[in-house]
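Below are two complexes that have chain A in common, paired first with chain B and then with chain C.
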Partner chain A sequence: MIEIIQTGPFNTVQDLGRPGFRNIGVTTSGAMDPLALKVGNSLLGNETGAAVIEIQTYPFKLRFAKATAFVVTGADCGASIAGRPVQPWCALPAEAGQVLELGQPRVGTRAYICIAGGIDVAAVMGSRSTSLRGAFGGNEGRFLFTGDVLQFGEVSGPLNLPATGIAVIDPAYALVDVYPAPEDGALLVRAIPAGEHSLFGEDAERFWSQTWKISTQSDRTGYRLMGEPIRPTTPIEMRSHGVVSGVVQVPPSGEPIIQMADANTAGGYPKIAGVIEADLWRLGQARIGSRLRFVRVTHAQAAEVEKAVAGFIDDVRATSRMVSGALQAMK
Partner chain B sequence: MNASAAKITPPANALALDRNGARVSPIGSRAFLLEATGEFDLAAQRRIWALSRAVELWGEILEIVPGMTNLLVVLKVTPEDPEALALRLLEAWEQAESIDLTGRKIEIAVTYGGVHATDLAALCDRSGLSDREVVRIHHEGTYRVFALGSAPGFGYLHGLDPRIYMPRKTVPSLNMARGCVTIGGMQTGVAVLTGPNGWNSIGFAELQMFDPMSDTPAVMAPGDTVRFVPASIEL
Partner chain C sequence: MTRLDLSDPAIIERLTAVLEAAGVEGIEITRPDQSLLIRLSGSANGSASQVRSSRADNRGEPVVVKAPMAGEFWPSDLSRTGAPGASAASDAVGFLRVGPILLPVAAGSSKRLRRHLVDQGTIVGFGDPIAEVEPEV
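Up next is the complex of A and B:
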């Protein structure tokens, strides 16, 4: 059991989301950085999609009421436990009574606290993720408050973590061949042209060539971008259709919106592009006010990235199991 | 591998296949949208329902989302050959025979006008109709639930009289109440969440549209017939 001692708004319980209900208008939700969640859970021997705490406002503090193991993934927020520094991406044991503390992030924006056994809240429509818009799922369908108590699930076997922990290389470095480095301080986000791309005429090229800024009107629902407006050559009134996170829609203002984890399940604005699945986590870690550029790729290229990332997560799981097994044998 | 973006040659054209009254285009790496390009009518929607039934059996599908004369399919993994997938979808569309869904009949009591009808005046201006006529035309209509989406349990209703079509707003209302009876383009529906909304409100209904703890969380389902019954008219 853990108790939340200090929290800002909008910190929620999330898993990999609630797919399968878009056809009744239920957004998928889930972690904005699913890679951080998967790596954290794999390191702890949890199910890949176990529920974790997503932190996006700081400082954040919790107390472990029972000994367990945990890892902080995603943003590097200078975490500490019982006053000792906690490296991100490093699974550590926690003693009963110890306090885990997260400060303002130095790199990235969303941190994930993963705990052995996963956060045990009731699954609603097949998922433990919080649907803030729908006010259900997660912890009572709302963000966490100070004083909230969360249970964690049973673990099948002991984790055998050394006191110094088991760490994985930050995916930003481990996957450096897979993810392009920023150019002139702009995050490169790979995307595929979408249905109305050609209706933007010459503005379509300006969509790809210019650097966009993530506006303050950005959250788990979507990111509004600021830049030189782009518009279709003639206005279009579309029939509503299903959308997925990563879709880049262009409302009449001409400044694109990228729909994120808590997005509407349907839309009618012309869509110029769609961010590839494997790059969504990087957007999830992008800060308000930071800049990005879209890079046009093919499905084949997107599939290659997706495979490399899946391979990395499998490696983390296998290595963690091996190390844990070896430590058990040494006892 | 080297996926360094700077070295990637962009594909010449966007993938968008247009054939025999349907068009397929991608949304990101794992989702594909098939849109019927003909009339916005029940016949097209019946074929979309048939297509949905066929496609949901495919092994690579994570989920399908029927929309307004369109169908979004989301795959479990990114396909390496998107064109093959697009062609399969178009073939399935060509083979899709019209089916009808025998839905329930739902009556929704509406307070037309009043504080929630924030866009009734604008609709009168655009249509050249009086507020009474707009309200009468709206509640005399019989509507079919074509699809659910956007927000939990929200039903997109087809059957709006063209005289009261009204485009979505350029600047959405920031805080429209749950229950507002709205018009968005050629569609009508009842807002299920309080929040930003680009549709035009002409009235208010109390009906609870969604319960996440129920076995059937959404009240409406595609194929249902909906009638709006004026509980009161406040003009």
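Up next is the complex of A and C:
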């Protein structure tokens, strides 16, 4: 059991979301940085998609009511346990009564507190994710309040963590061959041209070549971008159609919107591109006001990136278990 | 907890099986009364047998921190060096990298790093000395 003793708004319980219900208007939800969630859970020996706490506003503080193990992944927010600094992405044992504290992020924006066994809230439509728009799922369908108490589940094969913990190297370092470094401070986001791409004529090329800025009108639903507007060669009126996270729509203003984890289920704006799924976590960690550029890739290239990321996550799970086992054997 | 008899063939056999299962090449256990070195075949390059530890005392003398397992020695979390203000565990004297995993190696309570005994990127074996620490003044 854990008790929330300090929180800002919009900090929620999330897992990998509830796909399969968009046809009845239910958003998928889920972590904005699914890589941080998957790596954290894999490090602890949890199910890969176990529920965690997504922190978007700081400071955040919780107390462990009983001994367990935890890891803070995602943004580096100078976490500490019982007043001692915590290595980023380092699974550590926690004792009953100890307080875990997260400060303002120094790198990234969203931190994930993963706990051995996962956060045990009731699953709704197969997911423990909080749907803030639908006011269901997670912890009573709302963001966390001070005083909230959350249970955690049992982990079938818990790791025997040393007191110093077991950490994961920065995924950006481990996957340096897979994720291109920022260019001139702009995050490179890979995307595939979408249905209405060709209707933008020469402006379509400008979509790819120019640098966009993430506006303050950005949240878990979508990121509104700022830049030189792009428009279809002739005005388009479309029927509303299905939309998923990663879809880049262009409203009449000409400044694109990237649909994110709480993406609308339908929309009528023309779609110029779709961000590849394996790059969505990088957007989830991008700060408001930061810049990005879209890089055109193919389905095959997107699949290659997904494969590399999945391999990294599998490696984390297998190697952490091996290291833990070796340390136990040498005790 | 009952102390293991390190000369017991059954214990040696069990430890050997665990090492094989964990993919570890060898183990050295040293106690005041007994010591045991197991080296699996095909691991002739290991150097754990050369290691002798110093013991902590209260006179401010340096203490050697040894590698708790094999791995690539990193004096700090090199994967996050480029990140401005990235934090690190306060009492880690180094890390052992094994694939995507970083194992922090702690100095122990009230100890501070005096010097590293191996270079960055060195592959160390179980028991290899990696750092000298001394009691905090």
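Rule of thumb we're sticking to: the second predicted complex is superposed on the first by the 325 of 331 C-alpha atoms of A that agree within 3 Å, B and C clash if a C-alpha of one lies under 4 Å from a C-alpha of the other, contacts with A are read in each partner's own complex, and residues count from 1 in each chain.
We take it that a residue touches a chain if its C-beta (ideal position, glycine included) is under 8 Å from a C-beta of that chain, and two chains touch if they have at least 3 such contacts.
This structure is a prediction, so every number in the text was calculated from the model and none was measured.
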For this session: Check the residue A:Leu188 against both partner chains and state whether it touches chain B (first), chain C (second), both, or neither.
Result: first
Problem set entry | If touched residues of chain A are counted for chain B and for chain C, the larger one | B
Exercise. Who does A:Ala163 touch here: chain B (first), chain C (second), both, or neither?
Worked result: second
Exercise. In the superposed arrangement, does A:Cys90 touch chain B (first), chain C (second), both or neither?
Worked result: second
For this session: Enumerate the contact residues on chain A facing chain C in the complex.
Result: 76, 78-79, 84-88, 90, 106-107, 162-170, 172-174, 312, 315-316, 319-320, 322-323, 325-327, 329-330
Seminar exercise, completed: chain C contacts chain A in the complex at 15, 18-19, 21-24, 27, 29, 68-69, 77-80, 83-92, 95, 97-106, 126
Exercise. Which of the residues in chain B end up touching chain A in this complex?
Worked result: 1-6, 8, 10-11, 13-16, 23, 25-31, 33, 35, 40, 62-72, 74, 77-82, 147-154, 156, 167-168, 170, 184-187, 192-193, 195, 210, 212-213, 217-218
Exercise. Tell me, which parts of chain A touch chain B in their complex?
Worked result: 19-27, 124-125, 131, 133-134, 136-137, 177-180, 183, 188, 190-195, 197-198, 208, 237, 239-244, 246-247, 251-253, 264-268, 271, 274-278, 295-306, 308
